Amino acid sequence: MKVQKSKILENKLISNKIYRLTVEFVDEIKPGQFFMLKTLDNSFLLPRPISINDVNDNLITLLYRVEGIGTTVVSRMKKGDEIQVFGPLGNGFDITSLKGKIAVIGGGIGIAPLLYLTKKIGKNSDVFLGYKDSVYIAEEFEKYSNNTIIVTEDGSVGKRGYVTDYVDFEKYDVVVTCGPEIMMNKIIDKCKEKKIKCYVSLERRMACGLGACLGCTVETVNGNMRACKDGPVFSSEELK
Amino acid sequence: MKVQKSKILENKLISNKIYRLTVEFVDEIKPGQFFMLKTLDNSFLLPRPISINDVNDNLITLLYRVEGIGTTVVSRMKKGDEIQVFGPLGNGFDITSLKGKIAVIGGGIGIAPLLYLTKKIGKNSDVFLGYKDSVYIAEEFEKYSNNTIIVTEDGSVGKRGYVTDYVDFEKYDVVVTCGPEIMMNKIIDKCKEKKIKCYVSLERRMACGLGACLGCTVETVNGNMRACKDGPVFSSEELK
Amino acid sequence: MANLKVKTMGMEFKNPVLTASGTFGFGEEFSKIYDISVIGGICSKGLTINPKLGNKGERIWETPMGIINSIGLQNPGVEKFIQEELPKMKKYDTKIIANLGGNTTEEYLEGVEKLSGTEVDIIELNISCPNVKSGGMAFGIKSEVANDIVSKVRKKCNKPLMVKLSPNAENIVEMALACEEAGADSISLINTIKSMAIDIKKRKVVFENVYAGLSGPCIKPIALRMVHEVSKAVKIPVCGLGGIMTAHDAIEFIMAGATLIQIGTANFIKPDIAVDIINGISEFMDKEGIKSLDEIRNII
Amino acid sequence: MANLKVKTMGMEFKNPVLTASGTFGFGEEFSKIYDISVIGGICSKGLTINPKLGNKGERIWETPMGIINSIGLQNPGVEKFIQEELPKMKKYDTKIIANLGGNTTEEYLEGVEKLSGTEVDIIELNISCPNVKSGGMAFGIKSEVANDIVSKVRKKCNKPLMVKLSPNAENIVEMALACEEAGADSISLINTIKSMAIDIKKRKVVFENVYAGLSGPCIKPIALRMVHEVSKAVKIPVCGLGGIMTAHDAIEFIMAGATLIQIGTANFIKPDIAVDIINGISEFMDKEGIKSLDEIRNII
């Protein structure tokens, strides 16, 4: 992991409020890891954690949704501008532990980090993508998975309703998920019930992103863990 | 005077560290007046005072030199971005009091506000422009004045040395000046000696720019004055 | 539409948003930008019984999301205020609060007596200005000293008396209680926080008086905490200020217990910001189905 | 090349830049980003005699140019620090400062005794943490209380003792003098400023403990003022911190009187910022022809 100033190669609106940011980065990166982004001026103070969306040779792409001041300022940046990029951070998904039939379930902006994972685990996983209305990067998932199920709340694209309604949990050995807390909690409960291995990627407010400030606590059966360093990926069994 | 969000029509580097910013503004403006500029984000707090450089129909141009955080952030803005513009502020030059043979003497970035003044007072004024090395907008002055003398410290363009060395003060009824404090003080002394009317445009750190905070004090023979409201133009006789 | 009216200190404010002393002059300059009668009230520049020229040297210094000021209570004096500024201020349809500073007990008493005979709606007693060498803030540090001065002022004051506290007080809660006990009708807080800046190139301190007062968004979390602490402790109404820039900030102060709020430094950042904040509070209330500020005041 | 060495408390620091407690863990995480032996010293995360889980709920909140934290002294306890962290820390070629907190006098004394028997270079006594319910900061408010605890600790402490003050102290100068009188070898200040944030949508206070501590650039002007006041008052060396983000800031603190400085929140903003600051101080000195920090320390 390292701190670098990177030239922005692309910063493009790809869906409702969602931007794709591309920068160069040479070190190895695991799916599920994230970077801390910060503009070089002081329009906001703390770097913002954003997950790896995809890696292609020396290029990494991050997808972010405009929420507040930080993401707004970043969204105004142009190609060629410099941005502070710090990472890769976090444990990421342990690919070797994902064995058997896998369900990848994403919701909202939580879909973004699952792309690189899907690419890594291969075509045999089933991918479930839940959107409110505007679908994004679904076609990229279709490239890496033989079975991509799209669900929108309003039914405008794919199936209508909540993504969890379309997962037949019994079929899977492992479930991997990232998305809104209610969605993930529902999935955790289901997996517990059916005794399925489940890995979730959690969000916490972060200051340092590297494990030093103890700001991003996740309570687990093994005590307080740090979302940024011990996570963001946790096995659902660990969580309290 | 009013506060408006303006679309930037032009924000262009025109010389070493000097940018020209153009926005639309419809109200009447006097030469020597200024605007307070602020980006809409919070990358810096106080608006920055920048003088009117020129007015053309509905368009005003401001020239600013990149100094610190505020001007740096503004310099990064692009055409189409919105900026907060508040003004016009200050007394400006009282054209009617500029009678007889006039010398307009500018130094450094203090040259910028003198263009619109020169345009207003007509071709009979002599204009003296002092630069360190990089000359800017001299050709525009030449459009409005029959006699424009260019001086650079290194002699790379025009005459070599300090601009004050080339002014024959005896020839003038009124001297108008804006520039570095040492230059203006020299001119004030000369004018006092020769009993010539002299108007100077002063700089002070400002918070409100409109006369309410009392942050921009200028000590005068009539007590404390506000550079932003009672100035920035003062008759040299007033100053202590 | 939400009702922004506030009844307090025996009068009705059209909304809880006032402009803070020293950041709004006597209103005149701002009246050229917008109709300042939309504001709940205006606190005058800090007045002293004698006119003051204020401090020399730098008076304003920018810091990360704040400013340090060293104005030093430059003002025309109480007499001239009453004769020249107050009549103009009274033309606006808003409450007029006279902010009064002083170096000695006598100065405060003389000032209060003079202002009591005028049409000002409220007197805001500034015992907290860090920018005058001899005194001012001295009254705002120790509770006993404040209790003494407020008691004396109270006797001479026939207007509602709002005492403005300094965050530099040794104990802000004790200070507020001491002022309440002495007869204050209301507490406003906070004034600026004692601060410093150094010009490292010149190897000199920036301000004539070495220290000066910090204000602006940077101090908001501290101000909010103090307003909350004081609101929990006193029974009289609290007027909260310190770094308010948005309706969101204002509502935080109201939830923390403030009956009124003041906008200071923000007036410099966007001169018509008071309008945005008033409208913003109204919009928030509409959106959240809040009919009156009573529903959210002091709920934290 | 400028000489950044600092001799103080009977030892030599390679430069005056330390990293502040709670913002640098035990160094390990940062050692993966740069060679942390370039730093003058590392203050450990605040330790208590018993391990602590820290506070629940939100622990970090961003404010204009600052953050409020409510970590609540989560730490492995003194014993585990000595066994597991200290040996790793001692491998870095830099001074190791153990930051010690506590709820009771007994806890402090027990902690100091344990740490006195180790290889730590300095003990930094934290009497100023606002994030623990019962105590901690209680010791940092009133000078008499601080004098008492520091005197007792002094007797058990065979390491140089640096006492870390709270800006929430009633009187920062008296507080520093009380600690000096009690035998402190050095004073560090400031810890975080008691603050608050409210989530207006949820109509709830953000932090479990209601109040929490503000740090970062926003507090720098206040910290600088306090460091200046204290440096003028005490004879022992002062370690200055609060919002330092640049070499420029660091030099302001040194000119104001600080012998050492600490970098806190800035470590989060750019993890290798300590390197920038050390280099920046060196460049400034070269540019200004300053050979040793003695030439500029305490010149304001």
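Residue numbering begins at 1 within each chain, and the chains themselves are lettered A, B, C and D in the order written.
In the analysis below, contacts are C-beta pairs under 8 Å (C-beta built on N, C-alpha and C of every residue); 3 or more make two chains touch, one makes a residue touch a chain.
Quantities reported herein were computed from a predicted structural model and do not represent experimental measurements.
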item	value
Intersection of contact partners for chain A and chain C	B, D
Approximate Å spacing (C-alpha centroids) for the pair chain B, chain C	36
For chain B paired with chain D, centre-to-centre distance based on mean C-alpha positions, whole Å	47
Whole-Å separation of chain centres (CA-atom averages), chain C against chain D	34
In chain A, residues with contacts to at least two other chains	42, 44
For chain D, residues that touch 2 or more chains besides their own	64-66, 216-217
Arrangement of touching chains [line / ring / star / complete / other]	ring
Chains that touch, pairwise	A-B, A-D, B-C, C-D
Residue ranges of chain D touching chain A (in the complex, touch as defined)	22-25, 29-30, 32-33, 45, 53-54, 58-62, 65-67, 69, 71, 74, 216-217, 265, 267-272
Contact set on chain A toward chain B in their complex	41-44, 69, 72-73, 76, 78, 81
Touch list for chain A against partner chain D, complex	1-3, 38, 42, 44-47, 84, 86, 205-217, 223-224, 229
Complex contacts: residues of chain D adjacent to chain C	63-66, 68, 170-171, 193-198, 200-201, 203-205, 210-211, 214, 216-222, 224-225, 228, 243, 245, 248, 251-252, 255-256, 284, 288, 296, 299-300
